[in-house]
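Here chain A shows up in two complexes: once beside chain B, once beside chain C.
And now, the complex of A and B:
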């Protein structure tokens, strides 16, 4: 503790769990948008990972509420948010937006995989056949016409899903941005920053996974896909970081009463996590690397390695950004006169081990899905770039 | 930090000295309690009748001596968990360079045992008791996702602990640091303005315990209430009025340093 904090502020209410929640939702929204870039905007280069991104969005979505549930003082009452919502509260929208988005995602995945499942249904027998029939909800017929229809539905859902994904994550930013009591959070820019950082994290996680999986399994990589991902990553990270900097710049330039304490926060408690790590290492670093990839003629191996490194750094950048927002806003006292401190424990209920599990399990789930419906069949299909 | 045995001893000594030194305190308390009966309106007869009242609170910072009786009374009356505070007292000391130093050790539950600044470097010093402002447009009521925090018809902000999910959004939204999550129940908690006492014709535990009448709870709708009387006569301020929460806790002698 440093300076004066209100006596009740010595306990940080929102822990690392609430850092993970916007992080995971960001991955959901970002991954979904990548799949929509293919389905809706016709970016053929992203076709090899369109399905992969869609299912990634889904597994992350499954895990987004988990840190929230683990954080609630009364998780047994979690459904109260749907049963007795207070619509004046920004948070009450969570259940509805989440449910709407989940429905869109499940439907899109169902229509996207329907033809494949029908093929398996036809080849299967016994219990497996019955399971496939249930999964298909009895719709076991397919021909060219139904394939076309399925594709059309997928495209429509992908289109409708874009604004919903943006709302889902913009809304998370709004949860923080609308808290007028907290000068580190209260800015209308917050939800825009959250949307762009979500897209960055989504592209970064897919880039990371695509490169990792193709390296690990020695698969033929579609270089056009990697190049497109790298280009988008570069573009979106620039917008995201500039927005983040503009927010601090406007606070600094306005020189309001709160700025004196915010400056202390940035140059003191958040110096390492915000300035050194988030801005200098994980924003400037990938910016330089991705600029080099885009502007210089580098050997393929090197440029892919730089893209891989950038994706790791940007995944860390977004996680750090969530930390600096969520924790930074709470270690700053509402007395504007001091700071408290927070470091999560290792084994406690809301500690680092549980946090790591919540982040890692979606990836394992993705791997399980891949075992049943391979995302990257061998040999990898080459798409014309 | 929790008070140690030594602190307890010194607190006891402090109380003894205070009680012995100010012989008039029991008499004053008696006087005030008889007064509050007159000044408190008759209890409501049914739920609709609650609309007759609008409870407010007044803190006279010029009268507070930082004894912490209010904090202790509140802990005792409401069973507030250790390390959390429904009310607390802040000490402000301004040094000769104009720099402001503030503290509130354990919410001042054991008063203030040591000086914040050496006497010779101190220019100005005062105490500011804090509690829930029971805002008319409270941010906590607005953000509660399940409607567990609500405004009573008589203007008190309360928490329905059978509905609260313990998300902590209200803790973040309160600009005054008045809320916390009670780890024993997993739900939000804060000052209730001793709602259980108000309609029995009793004032809040903190106001009752205050030896200096620095805290006054009263009905803003009753022109003759002590609260309205002081508000008519004295200049007062509100905490963070720019946030639009429209607090109903009025601070007499509020310094701009206090937020």
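And now, the complex of A and C:
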């Protein structure tokens, strides 16, 4: 406690679980945007990871509500948000946006994988064959016409999915940005910042996984894919970080009454997590690394290593950004004259171990999916960037 | 390209329609399910069940109020009512008591141990539990008892930072008042420098130009305050012993705490105290030694709540008070 803190502010209510929630939904939205860059905008360089990004989006989507459920005192009442929604609260939108997005993703994955499932159906027998038939909803046939049709449907769904993905994550930013009592959150820029940081985290996680998997399995990686991911990562991270800085700069320039306490927050409680780690280490660092990759002619190994490092740093940057927003806004007293503090425990219900499990399990699930429907079955031929 | 089920190979768009039809049916089913799952009277008056109001009114409260506890715990209730926690409900620390009372009403002599365990109420008082109300916060009224743990422990020479509050204070009579706080004398409101200033300024308010006039102890008790300033305890505020309980903007109740257990809050020898800050005594052995040396009735001295003041009043006040 420091300064003038109200008694009901001693306890930080939104814990590390609420830090994870926007982080995971950001990964969902970002991964989906990457898949759409191929499906909708025809970026052929991203074809090798289009399916991978689509399934990643779906797997992360499955786990997005988990931190919220773990945070709720009565998770058994979670569905009430769908049964008796109160539309005067922005939170009531979550269930519907989430459900709509889940439907689009499931449909897109179904159409994208349909031809593969038909092949499996053809090769299978007995119970497996019956299971495949059910999964295919009886549509066990395929030819060139159906393949073209599937692609067309995937393209349409991806097109519809882009605004829904942006709404899903923009909505999370809106939740924070619309809390006018909190000067650290209340800004119309918040949802735009959340959307761009989501895209950054999505591209970063796919870059990280693609480079890691191809390195780990000694697969020939498609260099054009890596280069394209690196360029997009570079571009979107610049926009995201500049937006974050512009938000703070506008507050500082306006010199409103909130700024006096926000300045103390930034230079005091959030100095390490925001200034040192988020901005100087995890934003400036990858910016310099990706600039070097984009502007200098580096050996391929070095270039890919820098891209890999950048993806790790940017994944950390977005996580830190979520932490600094969610926790920073709560350790600031509503009196504007004091600060409280928050440090999660290790083994408690909403502690760091549970948080780590929630982050790691989607990756394990991705691995399981990969075992059944390999994302990178045939080593791609290396292409010059 | 193969057609695995030639009989089914109709127009290729059929399965697409089928999938979207399925999604449509699922959405309609979900909408119907939502409507069916919605409580009957929900939305009539607002975003809640109208019937919920009646249901809530018919709910038996889980909190009983401290009078419910007094039925069986009269002795503790007496202590609690006398001391400064008199306006704190028992259930604030002990959690709701309905099941506890139900069980003991039903099984006055015991009952199933498993049920008894369920009906038992927590007694442990963690330091965080106490600090929830007593941690020093700028937003609390200054007259409210509040501490910064590290500073409080340093002041008292407590060397173990994990020492719990109940090592010295009893939750039921936190400062061992001799008289009931609710019956203490009405006293005009007391202003102290630290009610507005973070630390006590040197001098007094009369030395500051245009400082608002305020009422301080020495205004009326000049001789006593002057005498106190020359005593061992002069580093303490008058209200440390003459506790002031504000009741409104103009007045409160003031009382004198002369209980030896109050003195022992600082002076009792304990493993977590260094003894560097203040003299420490093993009170039991000390009283026995005094009774022996002065040929007093040991039992009577041990039972005297003001035993410390018999010999040590001069560390606080001189004859000016006795007179």
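For this structure, a couple of remarks:
Assume the second predicted complex is superposed on the first by the 379 of 385 C-alpha atoms of A that agree within 3 Å, B and C clash if a C-alpha of one lies under 4 Å from a C-alpha of the other, contacts with A are read in each partner's own complex, and residues count from 1 in each chain.
In this section, a residue touches a chain if its C-beta (ideal position, glycine included) is under 8 Å from a C-beta of that chain, and two chains touch if they have at least 3 such contacts.
Please read these numbers as outputs of a predicted model, since none were measured by experiment.
On the superposed chain A, the positions of chain B and chain C overlap enough to count as a clash. Of the two partner chains, chain B and chain C are each touched by A:4. Of the two partner chains placed by superposition, only chain B is touched by A:90; chain C is not. Shared-chain residue A:266: touches no atom of chain B or chain C. When both complexes are overlaid on chain A, the residue A:337 reaches chain B and chain C alike. Legend: residue contacts after superposition of the two complexes on their common chain; A:28 is shown touching neither chain B nor chain C.
Look at A:312: by the touch rule set out above, it reaches neither chain B nor chain C.
In the superposition on chain A, contact of A:55 is made with neither chain B nor chain C. Residue contacts after overlaying the shared chain place A:282 against neither chain B nor chain C.
In this superposition on chain A, the options for chain C are 130-138, 148-156 or 220-228, and chain B clashes with just 130-138. Shared contact residues of chain A, touching chain B in one structure and chain C in the other: 3-7, 10, 84, 86, 88, 333, 335, 337. Considering their complex, residues 83-85, 88, 90, 100, 102-104, 106-107, 130, 139, 141-148, 163-169, 171-181, 183, 185-188, 243-244, 259 of chain B touch chain A.
Those residues of chain A that touch chain C in the shared complex are 1, 3-7, 10, 82-84, 86, 88, 103, 107, 110-111, 118, 121-122, 137-147, 149, 153, 333, 335, 337-338. Within the complex formed with chain A, the chain C residues making contact are 1-5, 8-9, 12-16, 18-19, 22-23, 34, 37-39, 42-43, 47, 132-133, 135-140. Residues 3-11, 13-14, 68, 71-75, 77-78, 80-81, 84-86, 88-92, 94, 175, 179-182, 329-330, 333-337 of chain A touch chain B in their complex.
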